Amino acid sequence: MNALIARLVAKRLGIMLISLLVVAFAVFFATELLPGDVAQILLGQAATPEAVAGLRKSMHLDQPAFLRFLYWLGGLLTGDLGRSYANNREVADLIAGRLANSLELAFVTTLFSVPIALTLGITAAMFRGSTYDRLVLVFTVSVISIPEFMVATLAVMIFAVYLKWLPALSVASDVEGLGELLRIYAMPVITLSFVVSAQMIRMTRAAVIDTLDTAYVEMALLKGASRRRIVLRHALPNALGPIVNAMALSLSYLLGGVIIVETIFNYPGVAKLMVDAVSTRDLPLIQSCAMIFCVSYLLLILIADLVAIMANPRLRNQ
Amino acid sequence: MGNVVEIRDLHVSARTDSGRTVEIIKGVDLNVGAGEMVALIGESGSGKTTIALTLLGHTRTGCSIRKGSVRVAGRDVVAMSGAERRRLRGRQVAYVPQSAAAAFNPSQTIMDQVVEVAKIHQLMPMEEARQKAIGLFRALALPDPETIGLRYPHQVSGGQLQRLAAAMALIADPEVMVFDEPTTALDVTTQIEVLRAFKSVMRERGMAGVYVSHDLAVVAQIADRIVVLKGGEVQEEGATEQIVTAPKHGYTRALIDAFHPRPHEAAATERPGPETPVLEVTNLTAGYGAIGRDGRPEYLALKDVSFRLERGRSLGVIGESGSGKSTLARAIAGLLPPAIGQIRMDGVELGRRTKDRSKEDLRKLQIVFQLADTALNPNRSVGAILSRPLTFYHGTRGRECEAEVDRLLDMVRLPKALKHRLPPELSGGQKQRVNFARALAARPELILCDEITSALDTVVAAAILDLLDELQRELGLTYVFVSHDLSTVEAVCDRVLVMYQGEKVEEMPTSRMKSGAEHPYSKLLIASVPQLDTGWLDGLDRERASPGAEAGR
Amino acid sequence: RATRAFAETPKSGGSITAAGWSASTADTLDPAKGSLSTDYVRACAFYNRLTFLEEGGDVRMELADKLETQDAKTWTLTLRPDVTFHDGKTLTTDDVIYSLQRHKDPAVGSKVNAMAKQMESFKKVDDKVMEIVLSAPNADLPIILALHHFMIIADGTTDFSTANGTGAFKCEVFEPGVRSVGVKNENYWKDQLPYLDSFEFIAISDEPARINALLSGDIALAAAINPRSMRRLDGVDGVSLSQTTSGNYTDLNVRLDMDPGDKAGFVEGMKYLINREVIKRSILRDLAVVANDQPISPNDKYYNKELPAKEYDPDKAKSLFEKAGVLGQTIPIITSDAPNSAVDMATVVQQAGQEIGMPFDVQRVPSDGYWSNYWLKAPIHFGNINPRPTPDILFSLLYASDAPWNESHYKSEKFDKMLVEARGSLDEAKRKAIYDEMQVMVSEEAGTIIPVWISNVDALSSKLKGMRANPLGGMMGYAFAEYVWLDD
Amino acid sequence: MTMTTTASARKGRFGWHMNAVGIIGAAIILFWMVVAIAAPWISPYPVGQIVDFDYYGPMSAQFWLGTDYLGRDMLSRVLMGARYTVGISLAAVAIACFVGVTLGMIAAVVGGWFDAILSRFLDALNSLPSLMFGLVVVAAVGSSMTVLVLTIAVLYAPGSYRFARALAVNVNAMDFVTVARARGEGTIYTIREEIFPNIIGPVLADFGLRFVFIVLLLSGLSFLGLGVQPPNADWGALVRENIGGLSFGAPAVIMPSIAIASLTISVNMLIDNLPRRIRDRSE
């Protein structure tokens, strides 16, 4: 069993490396295709040809971009993410704090949204076809069809401006105590939960319904098991694979896709960092962010697969 | 002492997708006395399962008990509250499902599921329940009774699972056991073991039972009384002996007739001599899994099989489940490239896989699968399914094609109007006919039939077999007929080939099958076919000292 | 409205958080590279300039004690005696020379490289006195030195991960794209200043979010309020507004060297087609002043009051387009969210065009890369010019034949000559006359259509006192931190 | 065997019946489609015209849905916006799903290297930030309606691919596909006739969700300069540009939101309640 998982993990890590390489190249070429380079963008309106040339030279941008890219890749192998072109700081330093922030937010959101999504999805499946079920379905579609920035703005207006319960900004800098932490995270987490839950609810519902239709669930019913027991002990463990997979896909959004939330709540995370990096054509920073998103995406999928395997004795004992 | 089960004027209705309500059980009465085993038989869709489930106060989604009462141990389950019904289930009435493989939760150990009833109803401490389960395993002649409970469902064989399902039902010492076709999915050798185990346990504990089946021979072994159902109504009811030997109702007679296969008559034009065979298979070896360095797959399902088959003849392939019968058919059809060996059709060697074969070769050799449900695309009309091979192989289109489809439907005795239906709208027998007609549409010379009647009830199966026989005579077809059911093989084949663990153990003419089998496995297989004789199973027990070890594998 | 009573007495103590509108990883503490409001705010807090531009446009000495000249070419600079850097080092002319000299090195990437080039040489007289020699006379040097980029840093500084300046605050935290925190410099050379113990500066790029943060009390100052948000803030207790009409404008540029701008009459037609009144009222909600197609703001003493703005006159525009032979042709206008309100202005022009049978194809392009890809390049596009303190800077930056940002590619030898003449002249009346004429030339001849002056509005908590307008831009020319105080 | 038993109950051609919820959904979609087509004729004012010097005007007899931040007529803007939101989103989601589903089915049927490489490639495409992708597209090929539709399609095809592939792999293992293969059928026939009809149900449900995402994505892309050009705006962009009016409940921000919700919810209502004939084909 452990050998199987070890083999799977090894294989996936191999694939991950290849994917990372592909993404790195793709991002590089995309950056190259974008008009303008760091020097030009940094100088902005003041970008006269001589000024650009001078700055490029001083930043060692006069080497071919591809060479710099390879150099960066080489550095990556030794764990060196390089220096940001835009402000000449270590990319690792720039990212570290913000990645921690992003992970924190993603973590809290996960803690909050996953149980809710599971509960709603499972209960909707249990009462399939009922008014409750229909309500949940309509709710999920409505939630995803309200633009994220609207949810966020509304939340701020209600909770921060009118009620003054929560701060309008979520600067995680000087937090004291759990209560303060909860206050600070409340609004971004609510907004993000809206965004990521819908998909999870729908998939959970579908997966649980699939298993509720099986003969072994009917058998459990005929053994006199309660509805609760049927769902929790018989249906859920067998629906875990697809559910976890859907969760992984939804949660992968929490790192790179939260730009709107980061903007509105002024939360310093990696999504905004990446946008900054793109707008300044800061190749090392763009690349590093892209790698982080890619790795987190692949890791989540790997975890989902491992959970699916652990949940399924047939796979587990192969 | 009164009846343990009393059903009075039971009406069950179902709501169809289009919102109509149809009555599927139309006023059934049923009594089961203490210690009595009553069998419900009838064709597919006659309402057997529906009635059996009402004993537990359960109806499938969309169905509801409209009228009548179902009294179990004196209490009416129809009138019970949900909580009361939950208390009844598992404890007073227990259910053994048709397919144990599907009825076990794949992610829990067997022991957990067997003792679950005790846990739900808090009948005894868990340790005690486990000990009791082990005792049941032993009583049901399961191997390794101490440890088998620790395995997961996929780690035991189908026959064992079926017995484990019985153990699961027996754990709470219920007053009534409900068996829903518990052996239909098993092969004959396993079926015997399971039947025997059921019978002895039931007898020992003096339980009452309801046994659902469409197989008269099986029912004859185990039931005290038989109730014959059709279209949700009771046709005939009587003691087993009476039903089997002196059926009164016409439908019952048809059932019993269908059981006695008409022996196959060898093809009329017995051509002699050294004509090139239609199909010649030499040293065929095939399997599944990764291909090793020696070119052999990891797991060999077929080892060194050879045979010849002449035009207009049919060859039966028999053997227990997993013996490699389907693998043989798939290898011949080119769906599973063989590792070693050749397949010749009309003396010409065929490509290893379908891709390597010419369209003409593909046309001449058609394969028909066991489960018509999965072999027919549920979303294409019968007409479309049948016209595709016509267009594909012969370029027939338009009106001509329509006419040809009509002719095919006629050939398999289906009304033309069926053309516009989708497969899910057909009955099992109809589906299998369409499945077969599709093969005929190619105008093949050789048809590989993989258990095409196993999933059908006897009456329908007999009709299909007749049809096969007739078409062979009319069109000069050659069949390879895969089955685990000897009587069907007997009905259509000239020769039989016995398979065991991927190897051909014996080949002989059908006529010699009963008397002339030499290999011990062939003998066991042939002796395991239930006879329509109430004393057969008991007689067999006396004959043979210990239950066969094979079935427990 | 901006000039609130200044009679109240300032109080010391307290700290605030203020929010600008943009920040990125390119944020810098190097004054030479500053390009965003956040950079300027930081620079003003941590460093000092030699001179400071007051509300009315007058120059006040800051680090400089005296700045004198005879011929507007050679300037003698005397430094204040008592100034020290945050690290304790005393300010000397070496620091000044280093600070000014580095702008001329292209490798530094200075934003004012072009302007610094005229400072031909620097001569140290002693620690407190030096000479600046210009390549040509320029009477505006004191104003030029008041630009944010000419902040004085310590001699030899190359590492800008923190700021070592002479300013009112010491840099405590600097996280590019996130926030910066300054704490009061106890040894500040100005008496009493600053009043605040510390201040934090962040950027909230989403405008509604910025206002929400102010309303919820999370921040004390929200810069650059959109005119259409006025309705939310009007009459709200605890919020006051600070409005500055400085020289900020968004202009529609028609390149004179390209089709269709090279066709006689086209540019003039456009000047009549643009509905300044609608732009002022509908787009900017009256937080604007109608402008007359030249870059010198009405607050400036050199503003030509005689020069009228062209009235909206679609019929005249139509006949001009007909004359140019372009009527009915579909003409693309490049717009983007990068120049303030440009998209809305483009639609106003488009709508007006539609009414006279002149179809404009408005193309909104990404703000990312707008300045390097479309600005100055597309035949018809929008630009946005921040306030500049002198006509000379404006004209040489934007209209001289060799101007780096010659938006409409306007070329006139006469204009170039007048520019040089005015620059070198210390005679006020003469300068005024020349600049008046130049304004007329630009207004009539150049392809830059400047419909309105855009006011800058900052919203602040009414506890925050001491904010005043400044010609260099909003937030008191970005220098508010040093001068504001908290009242309770 | 249960399949057999339910069959008889399904006899008859009642499969096309659609329930009330589905009909309402279809009616709303139809309504918006008619609006999209007829918009230029039924809009009371030109979309770009400033008709009111007030802004965020309330609903009135003159301006039914009030006015926007510039004082333009909201009704006209919403009506014209329907063209873009309905048209582009439907076109883009159709292309994305068509391409994704087709490739997914091919990958499932062909398998092997083709499958492995395609899956890796699309995974990589998926982890490219969409902002960057949008920027590159504008920079490389400029902006037009076609480009916008294609860009969205490219952004959403990988997800669709993943989904369809997983479904198709299951169907591919069914006997009727084996029969087709044994008959010698080509890949195209197999995916078109044998696989596709059996995954259409879940694919449609996925289509519905993806449609919702695309409606919202649209507004983001038009800010990048892709696609809908001023003075026109899709509904998402209308919400975005008028978001400042949210605090006093201006109809300018509420109305387009309602329009979005009505469209996306009814698309999903329709799909969830399609005649069983279509929806449950794969069950």
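As written, the chains take the letters A, B, C and D, and residue 1 is the first residue of each chain.
Throughout what follows, a residue touches a chain if its C-beta (ideal position, glycine included) is under 8 Å from a C-beta of that chain, and two chains touch if they have at least 3 such contacts.
A quick map from chain label to UniProt name: A, D = ABC transporter permease; B = ABC transporter ATP-binding protein.
Everything numeric in this text was worked out from a predicted model, so none of it was measured.
**Student:** Looking at every pair of chains, which two share the most C-beta contact pairs?
**Tutor:** So the pair of chains linked by the most contacts is A-C.
**Student:** With chain centres taken as the means of their Cα atoms, state the distance from chain A to chain D in Å.
**Tutor:** Taking the average C-alpha coordinate of chain A and of chain D, the gap between them is 23 Å.
**Student:** Using mean CA coordinates as chain centres, what's the chain A-chain C distance in Å?
**Tutor:** Chain A and chain C have C-alpha centres separated by 39 Å.
**Student:** Could you work out how far the Cα centre of chain C sits from that of chain D, in whole Å?
**Tutor:** Spacing between the chain centres: roughly 45 Å.
**Student:** For chain B and chain C, what's the span in angstrom between their mean Cα positions?
**Tutor:** Whole-Å distance between the two chain centres: 87.
**Student:** Considering chain D alone, which of its residues make contact with at least two other chains?
**Tutor:** Residues 135, 139, 243, 246-247 of chain D touch two or more partner chains.
**Student:** I need the residues of chain B touching at least two other chains; which ones are they?
**Tutor:** Nothing qualifies.
**Student:** Among all residues of chain C, which ones touch two or more of the remaining chains?
**Tutor:** Residues 208, 368-369, 373 of chain C each touch two or more of the other chains.
**Student:** Can you name every chain pair that touches?
**Tutor:** A-B, A-C, A-D, B-D, C-D
**Student:** List the residues on chain A that touch chain B in their complex, please.
**Tutor:** By the definition above, chain A touches chain B via 214-216, 218-226, 229, 233-234, 237-238, 311-314, 317.
**Student:** Show which residues of chain B lie in contact with chain D when the two form their complex.
**Tutor:** Per the stated touch rule, the residues are 14, 16-20, 22, 44-45, 49, 98, 333-335, 354, 357, 359, 362, 366-367, 369, 371, 373-380, 388-389, 392-393, 424-428, 431, 438, 442, 455.
**Student:** For chain A, which residues are in contact with chain D within the complex?
**Tutor:** Residues 15, 18-19, 22-23, 26-27, 30-31, 33-35, 137-138, 141-142, 144-150, 153-154, 157, 161, 199, 202, 256, 259, 274-275, 278, 286, 290, 293-294, 297-298.
**Student:** Quick one: in the complex, what on chain C touches chain D?
**Tutor:** These residues of chain C touch chain D: 207-208, 226, 228-229, 231-232, 278, 281-283, 285, 335-337, 343-344, 346-348, 350-351, 354, 361-366, 368-369, 373.
**Student:** Once bound in the complex, which stretches of chain C touch chain A?
**Tutor:** 19, 24-28, 33, 35, 105-114, 161, 175-179, 202-206, 208-209, 212-213, 215-219, 368-369, 371-373, 375, 404-405
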